[in-house]
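Have a look at this one before I ask anything.
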């Protein structure tokens, strides 16, 4: 089966990473997975929230948001509604957990990094693009912290890299990196977060239509491991440039 | 390894289901997984929200909440804080999706069911207990709707049953149905929602400590399928009584 | 006149008090007045809010809430609405004042007790059941505090007990402990909070229909003093068991 | 005992009622009980909220608020805090109930009256001054409605008048119409709402210090009935002017 | 052209300033511009917010609000809506900036003044009346602070006075101090804040209908400077009385 | 005087307009004034809000927001705080008014356009860049509406163009288009919104330090008219490309 944008089932969409997009943030990346574009910034602060003070460990957290017209129909702003929706909360928490999984908080020391992932344009896979770009911003902010002397010369706060991709079953066929038109038709939708070494950080599979069996689950995991390996290579290339 | 409460790795905690606990709700169940106690009520209303009117399909949604002193330390009420936290949102959404996966919305017709899962006491596994109890409340509310004539005599809105259990890796060993003391030590934590026929509705695995590999994932899924099969049998027995 | 549930005008509904229902709270009681069921927990914390520090006195406060389907028609959650309604505020304040009236804050010392009263099922009289059950939870939490050494051996923080009951005039007849079907028909509705020694802590009478005269007020107060004396005896029995 | 402002125990403070203070509202009164000053406006609208439409009955409701510097220390605005406190809710509800007790909703017809009571300066007794002034504003707005033809010529929506006063026990002595310096010292505090015919609409007695007995309750009610009779006469005079 | 209330284009409405209206606030003024009435209070506190501590400078801020029935149609309260509207925010900020422009924060020392401007009745020009009255309240609160010893004897925190007036173009003619009926018809509306020495603090001109040219802008500024000079004289007279 | 970035007093920063940046919105522009970057999208909807229905006129409104790390120090998100700040409100209202000043609502017909201006990077002048870019997005969305047949062939909803620039007095010298480092030092700051024909829509001058006199005001207006004429030319060029 050829997909509407000409990809095969195992192809990622074209991925670009504009590292250092922001002139203000300590680390940043404007990442695109096809038409999905997410601006990721990392804000590094020396010091930790009060509840962590004196414990010798750092903190990494994330916030995700969509611009009101990042989508095909305009959404109301959560700031105007006065509250954050469940989906936003869920994705912010997912990004934070994914990044913390590859950070040694002792090695980070009493420093705080807040990652903001703002979706400028949405065409499916915004949370996986966000995680993948956030890692690049995070890595650069850690280098900034090292340059400023907030992180010790021999400390290695990054214990691995992390990337994420969506997979799903559309009309019975497992596909990698769903675009929005595929996502809405998917019977099963899964987001998989994987480290550079190929270990799972998160596996979140949901039957949107029919429940799925063990074989389908395995096929999706295979696809995801292929995709995240490719994304890891792009992260490495971006950080080396 | 024997667990602190004497269970083996593949044992569920003692499970009880008090079906029909509420004299007011159209369906209800007070479910306990060990010391975890969740009151599940199903509120059946003839009619649907405005955005669904005239489409001939129904709606099922869920809300989860914890009493402030269901936990070991008292938590502030979300009503007092004036906003719902990310975890609450996430679990409410999970319960709603899990139930909708086994309901044929066309067969339900233009009726709405709201499931409330209120945790009276928490000792790990509150979301999986909630899903398992919510199914019983849902099934009874559907019978109520049929008795009242809101659902046709030959309509079969329930296409399967659904149950859920948590699994996790503690000190390297995969364990079924984690109690709170185990949950806080788990390296990996997974909630698995499975239908009566043994198909997956949700697989949500998270590396709390070290990332996990494919073999560990498979061991956890095996455990979960065993646990949910047992829970399915208890649901069947409860609904038959 | 015989009432719909067979009681005479001066009868309470069947009252049960499950003391120590919660395995987590320092004191707890699941109280029922007929079909009205309220879970009362007392959370004891050593220390006081900042504004009381160093004054040598403690603090007792209460929060009341109803589960969304405790009532015949489902109510929206106050956490979802993002604000607490006037009735909830009013009852939380009433419970707190009623309990503080029997506590010697100097003898309590710099300790804080938060009482949560969550209505699991509502059939009239939820605030009076809450006060009556909350006293039992409070008393047990004070014993817990004494056992832990947070309250001195010879301190007597409890200077009296407290219980509450509703009374009202229905079709011209004063009745004790109104059930919901009576409450909605009452011309006058009064909640009376009385100590174990028979003194008034709160008298809140409201003309829902016709205003009431001095004789009617007196008849209601007579009924209430009888009812609270009976409730006091049940509290004593529960705490002695 | 002479009181700090020279009154006897049974004296009201000087009361003034500036009827028609507002050039905009359909009815209004700026009432003062000593230094307590409350601006009461009645907004009359033809029509009722959706939930009352077609039932042929009207609606009367009230909102109470204090200016931030009406008190000795400035309070934060509830609009800035983003939520209304329990005390504000409680008093708004009390004013609304008190007014509705003297209005025949059928005779009012499908019209809505919103009473706003804004405390410009507070020196004790703000809620009782508000009720007493609100009645005057209400009465004038009903005449406005009759003039405009929204209320029938022979309809009599007002079935009685209503006034309110605070009473309390200070150093063992029952006193009428407490000023702020007395209120903070009161062992017992009671607000009593009475109709022009001398019937009770609300009796709200609270033991702030020691609980009170039946004799004390009776002494307070005697005082209150004397005070409200005087206030009724002033309302009559104001409306006749 | 004669205006509806008989004024010429360059006339202010009758202005009254009741200095010291409040018995509680450290400074206060009830100001009226025709039927527009604004109660301005100044709350003086020794000390500054945490972010200013130790810098030796003070702080002046303002809050503006309208009573719900200050207008011809009743507005919902912002406290009930749970949020402050854009217009309220905008005017509060304008008043605060205007007052700070004439205060030497070093000379004020570590003291805080909060100005509350509550509109009791609105007939156009509420923000300009608020600024003009707020200055009087501010001046009196500074004297209070000097009397109490919070401001040094030789400190001169007031470096100038400040007053404000609205001007606008109605049917092509520039008019001073618009009443509400004129304001709604104005093609251009401008609020001008001017010091006692005749310097501009704020110039806020808005084309409500057709955009305006340089000549019109100049005509409006001429009118405003005349009006604020008159208001300055009234402030001086009020503070001298 | 040469400015820190080498500009003369009358130079704009380099301005770029990426028209059609968004693949989703009916009109869009990514505009930069030096390092200030604002993404402007126009969402065109056929139909109007309820309060405008049946009047034959359209509606144009705007919302402004800053990404949390658009600034040098990270700001908390307004969605997380649960309320919109005064500055955000103020700027959103300014943008909306500025655009409505050049739209003939009758010619627009019953259509609604919502303009979102999201600041991706902030270096002074975000509101003026937003207005200038918003006009381009608005113009394109109107063409889209005409293409779709929602706007009549001969209707001319745009009666003029609109652009904006900031001016200010820094160390006594009037400067055009202040960068952030200049803005914080400015004694006077003014935002001027001007149509393509050179008429004023908004003039908002504020004395941040010393009040300003008539000559300074005139010098600033001269500068602003020069800057907006240049911006108008760039808008024309962008829309012609």
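When the chains are written out, they are named A, B, C, D, E and F in that same order, and each has its own residue count from 1.
Here is the rule we go by: a contact is a pair of C-beta atoms (placed from the backbone, for glycine too) under 8 Å apart; a residue touches a chain by one contact, two chains touch by 3 or more.
Chain-to-protein mapping (UniProt): A, B, C, D, E, F = Ribonuclease PH.
The structure displayed is predicted, hence computed values, not measured ones.
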Chains touching both chain B (Ribonuclease PH) and chain F (Ribonuclease PH): A
Fraction-based call for chain E (Ribonuclease PH) against chain D (Ribonuclease PH), same above half, different below: same
Geometric centre distance via CA averages, chain F (Ribonuclease PH)-chain A (Ribonuclease PH), whole Å: 33
Centroid spacing, where centroids are CA-atom means, of chain A (Ribonuclease PH) and chain B (Ribonuclease PH) in whole angstrom: 28
Whole-Å separation of chain centres (CA-atom averages), chain D (Ribonuclease PH) against chain F (Ribonuclease PH): 50
Distance between the centres, which are taken as Cα means, of chain F (Ribonuclease PH) and chain C (Ribonuclease PH), whole angstrom: 59
Per-residue multi-chain contacts in chain B (Ribonuclease PH), two or more chains: 82-84
Chain contact topology (line, ring, star, complete or other): ring
Of chain F (Ribonuclease PH), residues touching chain A (Ribonuclease PH) in the complex: 22-25, 28, 35, 39, 41, 43, 45, 63, 65, 67-72, 74, 77-84, 88, 114, 116, 118, 120-121
Residues on chain C (Ribonuclease PH) engaged by chain D (Ribonuclease PH) in the complex (per definition of touch): 83-87, 89-90, 92-93, 97, 101, 160, 190, 195, 197-207, 210-214, 217, 221
